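One structure is given below, represented as structure tokens, and several questions about it will come after.
In this document, chain identifiers A, B, C and D correspond to the written order of the chains, with residue numbering beginning at 1 in each.
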Amino acid sequence: MEMDWLPAYEQMLRIRIFEEHVNTLYRSGKMAGLAHLYIGEEAVAVGVCLALRPDDYITSTHRGHGHCLAKGARLDRMFAELLGRADGYCRGKGGSMHIADQERGNLGANAIVGGSSGIATGAAFSARYRGTGQVCACFFGEGTLGQGVLYEVMNMAALWRLPVLYVCENNLYNEYTPAVDTTAGSMRARAEAFGIQADEVDGQDVRAVYAAASRAVERTRAGEGPSFLLCHTYRFQGHHVGDVNRAYYRTKDEEDLWRGQRDPLRVLAAWLLESGAATEPDLDVVTAKVRADVEAAEAIALDAPYPDPSEVDQHVYA
Amino acid sequence: MEMDWLPAYEQMLRIRIFEEHVNTLYRSGKMAGLAHLYIGEEAVAVGVCLALRPDDYITSTHRGHGHCLAKGARLDRMFAELLGRADGYCRGKGGSMHIADQERGNLGANAIVGGSSGIATGAAFSARYRGTGQVCACFFGEGTLGQGVLYEVMNMAALWRLPVLYVCENNLYNEYTPAVDTTAGSMRARAEAFGIQADEVDGQDVRAVYAAASRAVERTRAGEGPSFLLCHTYRFQGHHVGDVNRAYYRTKDEEDLWRGQRDPLRVLAAWLLESGAATEPDLDVVTAKVRADVEAAEAIALDAPYPDPSEVDQHVYA
Amino acid sequence: MRSEMSVAAPAREITFAQAVREALAEEMRHDPAVVIFGEDVAEAGTPFKVLSGLVEEFGRDRVVDTPISEAGFTGIAVGAAMTGLRPVVDIMFGDFLTLAMDQIVNQAAKVHYMSGGRLTVPMVVRTTMGATRRSAAQHSQSLQALVSHIPGLKVVLPSTPYDAKGLLKSAIRDANPVVFFEDKMMYTLKGTVPEEEYWLPFGVADVKRHGSDVTIVATSSMVQVALEAADGLRSDGIDAEVIDPRTTVPLDVATIVESVKRTSRAIVVDEGHRRYGVTAEIAAVIAEEAFSYLDAPVRRLGALDVPVPFSPVLEDRTVPTAAQVRETARELCGRA
Amino acid sequence: MRSEMSVAAPAREITFAQAVREALAEEMRHDPAVVIFGEDVAEAGTPFKVLSGLVEEFGRDRVVDTPISEAGFTGIAVGAAMTGLRPVVDIMFGDFLTLAMDQIVNQAAKVHYMSGGRLTVPMVVRTTMGATRRSAAQHSQSLQALVSHIPGLKVVLPSTPYDAKGLLKSAIRDANPVVFFEDKMMYTLKGTVPEEEYWLPFGVADVKRHGSDVTIVATSSMVQVALEAADGLRSDGIDAEVIDPRTTVPLDVATIVESVKRTSRAIVVDEGHRRYGVTAEIAAVIAEEAFSYLDAPVRRLGALDVPVPFSPVLEDRTVPTAAQVRETARELCGRA
């Protein structure tokens, strides 16, 4: 029997609206630093995290808000972190690129491209060693295929049959450079060379992502070794909030095409309506709820206190 | 028409006998430091270097004496370098693991596993950029497949169609650890994943190595992009001179098998005799000559002066 | 505030980013062996837009967009440098130097020496430093101490457009590997440069402000901070000399020591972490060479010894400020 | 010569290598979360045979032979440490730290801070240092300055079997990433350790020799050199105190400064390069805290600022010797 996809819709929408608010906060100067929005890629995080247990691990990237929310993070503490407040997940010390949420197995976003691939593989080693049955999903952009450490850890994961799922989010660009200009040969062959089971999926279709991730997680949890899931997706916005003039590296037509026809929310909404699993009013209710949630969370965070300046030299050592 | 293989025999023998002398020098305490002997693998260096032009580049490894000689280095200056003398290729500053011989395109041995893969790929970039038609052969042990930087540079070599030939010397062991315990999946697939043309060859048969290397060098010089040549070989001695008790990581039987049946010198000698290209006396003449050459070179080097201690702070900056 | 400098008229006013770009463009015009490797360096001109326009003039063969492979393309640059090119590598954030450390420390820095002087590695690693950009712990470090420790490397820390341009041009012509740190926050800083080409030598400090009461040795971003402090100190009746070594390797010990012998008091300010940082070496050298002239111990100001936090209220506490430098100078001069 | 130390009887005599092995074995028996990652660590017991016997006792699940992937297995250790294990990573030669620098500097050192104190990285990076082994430029460096500069790391440099064992046991139980440097040339050095288990605290210097005329602060391999110099100095009528900080981070400033206040003269000796090295920080700290007690500038001895050459006649010139330390002390005490 087909599962209930409305929660997935709600989760993707939560990410979308959260990111829209982040965008506004940055543009209005209320947030500082760098923000890399996940808009357009929501189906990947949500589809994969749906296939995980609550105690499974994930690692994330500079474009990490979506992974974090998909693994169950709270909106208010996310906002608070991005605003540098003491109630943030990292007491404001991490910011957008370093949110970790230990209780939900989120070992953290990472601002070094490929920087979490070692951590993810190590978490998988640890889970296997401790016999907990946990797996770790390691999210990264296709730009990480340029980082040698990924091959080092995939090799060990394969040798030791570690329960790790490498999730490659191919959104076609490494920052402002097309992935075709930085990636020779085949992306999935990069994993297959190590004897890793690889699969490819439409990253805009959360149901397809979930199906593929479930298969991969199942075999990897069963001790059959790591899996690699290549998700074809697209970021709808700039590389970061400030990346506004993009014509030199991608066309407006391309953007319009993805936004118009490949929006993961629209794809799922269409299926929900067509299959009769939900009605327009159902979706409107969800939208209203998510909007209200996000607004409330943002308000809480905007009111939250900054950390005391004396915290600056706390947490250097445990 | 089949080429004259006697020079190749002589070259392999030169390496063999050089290494035997190195072994004796180390064991008698006349040489210091680390020495990683190439005995057993001579056909790889000689077969590949035969396929190169004099002005082509090579890069080498900790196990580099064979590459160096195969590319045309002089015996006396090699000995002198290993003995830390001023007449050595590097004025005694490099030693066994760092011999470079610029005039013959040898960009140097490297004591960092994988450490020369960037240099080799950069030399290929430079050759292509300058339009010289040179190629670069990058020698490395299969242990280098563990180093991420190799994948980084293979990717760029493939993207930019650089004239570099990656020569993987699979002698079955990373130091004291079997390569099967450190290498998941397929070795050649590691290159093929980047769209690199890969080939595999019996590394004990210099004629086969030469044939494969020639094909690879030809296409790579023609601008068809990098090649990868996997050579199956075996080191007959310890990882370094001091590695005497090896039973814990490989059997005497295995060693005997390779030494008895897969010795590159015997393989070529057998072919020379069978095909009538040479007679036993021909081979004896070569052996006598090489022995005399090596002994003379060693004597020169043993008499050569050490660098003046004041040289210690020369050559830090150019 | 802008730094003082004496250049021959006519002069033009350009930003620090333009200075870097001009240096590259001039050297690339001069020598076809100069090529650039890095992420997003071509059409994007880097995220800081420092290299904008270069690919249009020099083409993609010379301004080479790479994959996200810091170790790999730095290694490629080493090999290219050993075989006739003069590569300039772009490491977007100084924090990513860690990824290329083997190539920089074990390869680039050592090839010349290991080869007994026969091979050379004429390359430049351009990278960034500096915090207060709200970029958090992995995009804010000032790691000049790490490379300054390694023999075989030269290390440049320009503080003005004039210095950036002249020093980068010299770096590109240098026969050795040079690590060149640009403060991200300084790219929009303006300053004058002469019309004509010029090169600045390494190992020659620039006295950014003459004074007689206290010597402030400051690098890169901290030069502006020191000059601001010096301005404030004037009203305290303290006349501060501000010396910018411009290169930590080689270090112009003579200029620094001569100054301290006159002023008898020294402060060293650098944006790297204080502990085992650049300030330690400079302070130690001053103490060694001017010991009997010193009225008080050399004072050091560096970044707080903590990873750089994101939250602005925290981050602003990590970097030395003009107020701190001024206060330190007042203490040294007995006015606190 | 062997260092003096006071331990409770009964004591056993073991080598430095055995001390390391015992520390690991005891902690592995105590806590199943302790695992070892590294190249050739299992049956081979490392090229230095330091880990011999561990795989036989603890099995290949806990003594894990890795591919030649320093970045990769260090990264795996970080992740394992964040999720309940206490990995001990073996970086065969300290020179290879450069390959794992991103994992050590940007990941291990920063995770606890970046997560606002919620995640911890209890791991140890064991590695080697030290020259004069004729291993040339890429197998001889002493890179403790690099990691000592990075907040979030602790850095240990034991100089005796006793210290090695007690400090490694503490390192394994520490909640933070610890980089632990073993001098390759010291593995066969013998010394006594107590029968019973013990742990040594970080940040507590050990006075290896008491004296009143000059303070010699020495680390790792240089402690033996300093003690030998101190022996010679006795016949010069100079009574030297030798202090081993044992950890550069945290640094026991109090013990060092107290000593210098008594002796008025200080020498710092470390086998890392002198320039921007460990000696700079320690000398700067002494100058800051004991300025008015100093009769003369703090003297620093470190490795020559050159890549380590192969040729024995050259290499022997690069590392500080007892004769140099003695001569320096004589100069400081006005006997030269």
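Please note the rule applied: a residue touches a chain if its C-beta (ideal position, glycine included) is under 8 Å from a C-beta of that chain, and two chains touch if they have at least 3 such contacts.
As the structure is a computational prediction, the values presented were derived from the model and not from experiment.
Chemist: Which chains are in contact with both chain A and chain B?
Modeler: The common neighbours are C, D.
Chemist: Among the remaining chains, which ones contact both chain B and chain D?
Modeler: Expected: A, C.
Chemist: Going by average Cα coordinates, which chain is farthest removed from chain C?
Modeler: B
Chemist: Could you state the distance in Å from the CA-based centre of chain B to that of chain C?
Modeler: 41
Chemist: Averaged over CA atoms, how far is the centre of chain C from the centre of chain D? Could you give it in whole Å?
Modeler: Taking the average C-alpha coordinate of chain C and of chain D, the gap between them is 31 Å.
Chemist: At what distance in angstrom does the C-alpha mean of chain C lie from that of chain A?
Modeler: 36
Chemist: Touching at least two other chains at once: which residues of chain C meet that condition?
Modeler: Residues 66-67, 69, 71-72, 95-96, 99, 102, 106, 113-114, 136-138, 151-152, 305-307, 309 of chain C touch two or more partner chains.
Chemist: Of all residues in chain A, which are in touch with two or more distinct other chains?
Modeler: 88, 90-94, 98, 110, 112, 115, 145-149, 152, 155-156, 159, 181-183, 316 - these are the residues of chain A that touch more than one other chain.
Chemist: Considering only which chains touch which, how would you classify the arrangement: line, ring, star, complete or other?
Modeler: Contact map by chain: complete.
Chemist: Which chain D residues qualify as touching chain B in the complex?
Modeler: Counting only chain D, the residues touching chain B are 39-40, 42-44, 47, 65-69, 71-72, 95-96, 99, 133-139, 304-307, 309-314, 317-318.
Chemist: Would you pull the chain A residues touching chain D in the complex into a rising list?
Modeler: Checking each residue of chain A against chain D gives 57, 59, 88-94, 98, 100, 102, 107-108, 110, 112, 115, 117-127, 129-130, 136, 148-149, 152-153, 155-156, 159-160, 314-318.
Chemist: In their complex, what parts of chain B are in touch with chain A?
Modeler: 145-152, 154-156, 158-159, 181-186, 189-190, 192-196
Chemist: If we count contacts the way the header does, which residues on chain D are in touch with chain C in the complex?
Modeler: Result: residues 95-96, 98-99, 101-102, 104-106, 109-110, 113-114, 136-138, 145-146, 148-152, 248-249, 272-273, 275-281, 283-284, 287-289, 291, 294, 296-300, 305-307, 309 of chain D touch chain C.
Chemist: Name, in rising order, each residue of chain A that touches chain C in their complex.
Modeler: Of all residues in chain A, those touching chain C are 32-34, 84-85, 88, 90-98, 110-115, 143-148, 174-177, 181-183, 248-249, 306-307, 309, 311-313, 316.
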